[in-house]
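Could you have a look at this structure, given as C-alpha cells, before my questions?
A, B, C and D label the chains in the order they appear, each numbered from 1.
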Amino acid sequence: MSSRLVNWFKFSSPSTFYPLAGKIGFWSMVVTVVLLAVGLYMSFFVAPTDYKQGEGYRIIYVHVPAAWMSMFLYVLMAGWAALGLVFNTRLSAMMASALAPTGASMAFIALWTGAFWGKPMWGAWWVWDARLTSELILLFLYLGFIALQSAIDDPRRADRACAVLAIVGVVNVPIIYYSVIWWNTLHQGATIQIRGESSMDPLMLTTLLIMTLAFWAYCIAVAMARVRSIILERERETTWVGEMVKEGRA
Amino acid sequence: MKEFFAMGGYALYVWGSFAMTALLMIVEPILLRRRKQAALARIRRIARLQQQR
Amino acid sequence: MLEVRNLECVRGDRRLFRELNFTLREGELLHLHGHNGSGKTTLLRAVSGLLLPSAGEILWRGKDIRELREEFSAELIFIGHKRAIKDDLSAVENLRVACTLDGVRISEEQAWKALERIGLYGFEDLPSRVLSQGQKRRVGLARLLLNRAPLWVLDEPFNALDKAAVGLLQGVIREHVANAGVVLLTTHQEVSLTQGAVHSLQLGSGELGHV
Amino acid sequence: MFEIFRTVVMRDLVLALRRRADLMTVLFFFVIVVSLFPLAIGPEMSTLRMIAPGVVWVAALLASMLALERLFAADYADGTLEQMLLTPQPLALLVLGKIAAHWLVTGLPLVLISPLLGLQYGLSGETLLVLLFSLLLGTPALSLIGAIGAALTLGLRGGGVLVSLLVLPLTIPVLIFGSGSVEATASGMGGEGHLYLLGAILVMSLVLAPLAAATALRISNE
C-alpha cells in the first residue's frame, strides 16, 4: 500500500469520496459488462473442449474466478478493517463492511458451482475436497462478520469490532486452509486433482483470466455502490448529504 | 443449436452453475439500488422534518 | 495537569459536544453540569481513556493520554455509575483486589482501617451481596482513601449515599484537592472546597447538533 | 507482573468456587452430549470406537463455547471489567489471567473426565492417553480463541449463539488436529504429528489471543 494511497484515504472524508465512488462504480460496471460479454462468448465458443471432462469443465470459468475473488475480498476486507482500526478513519471501516456481502456471495457461488461440478465428475453433490471445504469455512467467516456487524447497533463499535474479527480471521485463514489439506490427505490419500491450471491450454487460460477480470470489475462496482449507500445511511443527518440529495446529486 | 444447449450431456450442471452466478450478479445490484432508494427516502424525510421545525 | 483541546465526541450518530477546551491544574476541581444526555458521562469516559473521542486531544502533564496508556492509568481513579465490586467477594477482598490491580500495596489491616473510616465497621468480611446499595457504594469509594492517584474522575459519586457518607466523601475530596489533587466530577449536589478553585462547565448548552 | 497475574487468577477461581453449582453445568453438558451418541447410533462397540474421537472432541468444543458466556459477562455487568481496563497493568495480562482461571474451571474438568468417557466408547490404553493429552493441549486453545469472540460480543443480545458463530470456524484446526491425533493413535499410525501441531496452535493462541481479546474489550467497553 503506497504511502500516498494510505494518506489519501486517511484524509479523504466520506463527502469527498462519495462522488468519486460513483464514478469508479459506474466505469467498473461498464468494464464488467464488456468483459463478461467477451468472457462468456469465449467460455462457450472459443475455448476448446476438455479431452477428459468434455463440455462440463466450462464450469471452471465461473467457479475459479468466484473462488479467487472470495479469498481476495476477505484479505482486502481485513486490510481495510485494519486501516480503519489503526487510523481510526470511518471511511476505511465503511469499505470493509461494503465488501463483506459481495465476498460472501462470491464464496457461495464458488461452493454452488463446485457442487455442480462435483456431481458429474465424482458422482456426488458435495465432496470433502480440501479446497471446497476451505471455501465453506471461508463462507462461515463471512457470515460471522456480517452477523457481528448487524448485531451491534452503534456503527463505530460495529466497525471496530468487525475489524478485530476480520484481522483475527485473516490470520487464521492460512492455518485453516493447511489444516484442512492435512486432514484431507490423511483421510483420502491423494486428493483428486480438480485441474492443473498451469498445464491448461493457453486459450482456456486467457478465457479464465478474462472472466476473472470481469468478476474483479463486478466486485469493485458492487462494493462502490454499497459503500455509497452506507455513507448515505451513516451520514444522513449531515448537511452535505442533505444538500446533495436536495440538488439531486446523490 | 440444440447440441450447444446440451453441453455434451452436462447441460444441467453447466447451465445450473452459470444460471446461479447470473442470478446473484443480477439480484445483488437490484438489492443495492433498493437500499439506496430507502436511504434517500429517509434523508428526504429528515429534510422535511427540519424544515417544519 | 489535565488539558483538553477541542474535544469532540459522537454517540451513535449524535454529536454530543464539539470544540471543547478546558485545563485543570493541581489543586483544582471541575464540576460538570448538564441535563441528561448532554454527554457528561461520555466526556468523563473520554478523559479517563475508556472512550476514543472522534476529534481533539486529551493531555496529561503535556503528553497525549493515548501515548501514556498505562502510565496515565496509574495516575487515575475512575468511579463510574456501576458499583465495580463483586457480590460474591467480601468488602475486604474486593478492596484488596482493586488495590493490587491499581499497583497499590496495602496490608490487611490497612484495608480494614480504610473500610472502617468509610463507615463499614462490622461489615468488612461479609459477602458484598448482603450489603445495602449505599454500603456497596462505600466499598467502591474506599479505594479513594488508599490510592495516591492525583487525578480523580467521579461520575455521580454521591448517588445512593446517605447524608453521613456524603459528608465523608465531601471531606475526602476536599482533602485530596488540598494536597494538589485534580478532581473532575458530575453531581447534582453542591461541592464546596476549603482550598483550591472550583470550576464549573456547562455541557449541552451549545447547539445539540447532529454529526 | 506475575503477582498481578496471580491475583486475577486467584480472584476468578475464588469467585468460581463460591458458585460451585455453575461449574458442574459445563461438565454435565459435556458428559450428556457424549453419552447421547451411542443412544442415537447404536451400541456396537466397533462403530462407537471409530466415532469416539470425533464425538468427544465436538462435545468438548461445544461445552467450551457454552462456557464462554461466563468469561466476561459478569464483570461487564457489575463494572469490575471497566476498572480492569483502567488499571496500570497491561490489559492482555489481565485477560490471560481471566482465561487461565476460566480454563481451570471449565476446561480442565473436561480433560480429566474424558478418559472415563473414552472407556464408554471402548477406547483403550494408549488411545485414552492421547485423548486426554490432546484435550489438555486443545481446550486451552479453545478458551483463548473463544475469549476473543466473548470480548467482541460483550453485552449484545443473543450473544451466546453469536459467539459460537464467530468462534467455531476459527477453532476448526484445533478440532482437526485434536480428534485426528486420537484417531491416528487408534489406527496405529501414531498421533505425534497432530499433537505437535496442536501444541503449535496453542502457543500461537497464547501469544496472540490475549492481545486481540484486550483490543476487543476496549472496543466493547466504549
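To be clear about the criterion, a contact is a pair of C-beta atoms (placed from the backbone, for glycine too) under 8 Å apart; a residue touches a chain by one contact, two chains touch by 3 or more.
Predicted, not measured: the structure shown is a model, and the values here were computed from it.
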Name whichever of A-B and A-C has more C-beta pairs touching across its two chains.
A-B
Taking each chain's centre as the mean of its C-alpha atoms, give the chain farthest from subunit A.
C
Distance between chain centroids, defined by C-alpha means - subunit A, subunit C (Å):
47
Interchain centroid distance [CA atoms averaged], subunit A/subunit B, Å
16
Between subunit B and subunit D, what is the gap in Å from one C-alpha centre to the other?
42
Taking each chain's centre as the mean of its CA atoms, how far is subunit A from subunit D in angstrom?
32
Can you list every residue of subunit A that touches 2 or more other chains, as numbers and ranges?
154, 156, 236-237
Could you pull out the residues of subunit D that touch at least 2 other chains?
222
Kindly provide every pair of chains that touch.
A-B, A-C, A-D, C-D
Note: in the complex, subunit D contacts subunit C through residues 3-4, 7-8, 11, 14-15, 18-19, 74-75, 77-80, 82-90, 94, 218, 221-222
State the interface residues of subunit C toward subunit D in the complex, per the touch definition above.
45, 48-52, 70-71, 73-74, 76, 78, 80-89, 93, 97-98, 100-103
In their shared complex, subunit A is touched by residues of subunit B numbered 4, 7-10, 12-14, 16-18, 20-21, 24-25, 28-29, 32-33, 35-36, 39-40, 42-44, 46-47, 50
Sites on subunit C touched by subunit A in the complex:
10-13, 52, 54, 210-211
Within their complex, subunit A touches subunit B through residues 44, 49, 54-56, 58-59, 62-63, 66, 101-102, 105, 108-109, 112-113, 116-117, 119-120, 218, 221-222, 225-226, 228-229, 232-233, 236-237, 241-242, 245-246, 250
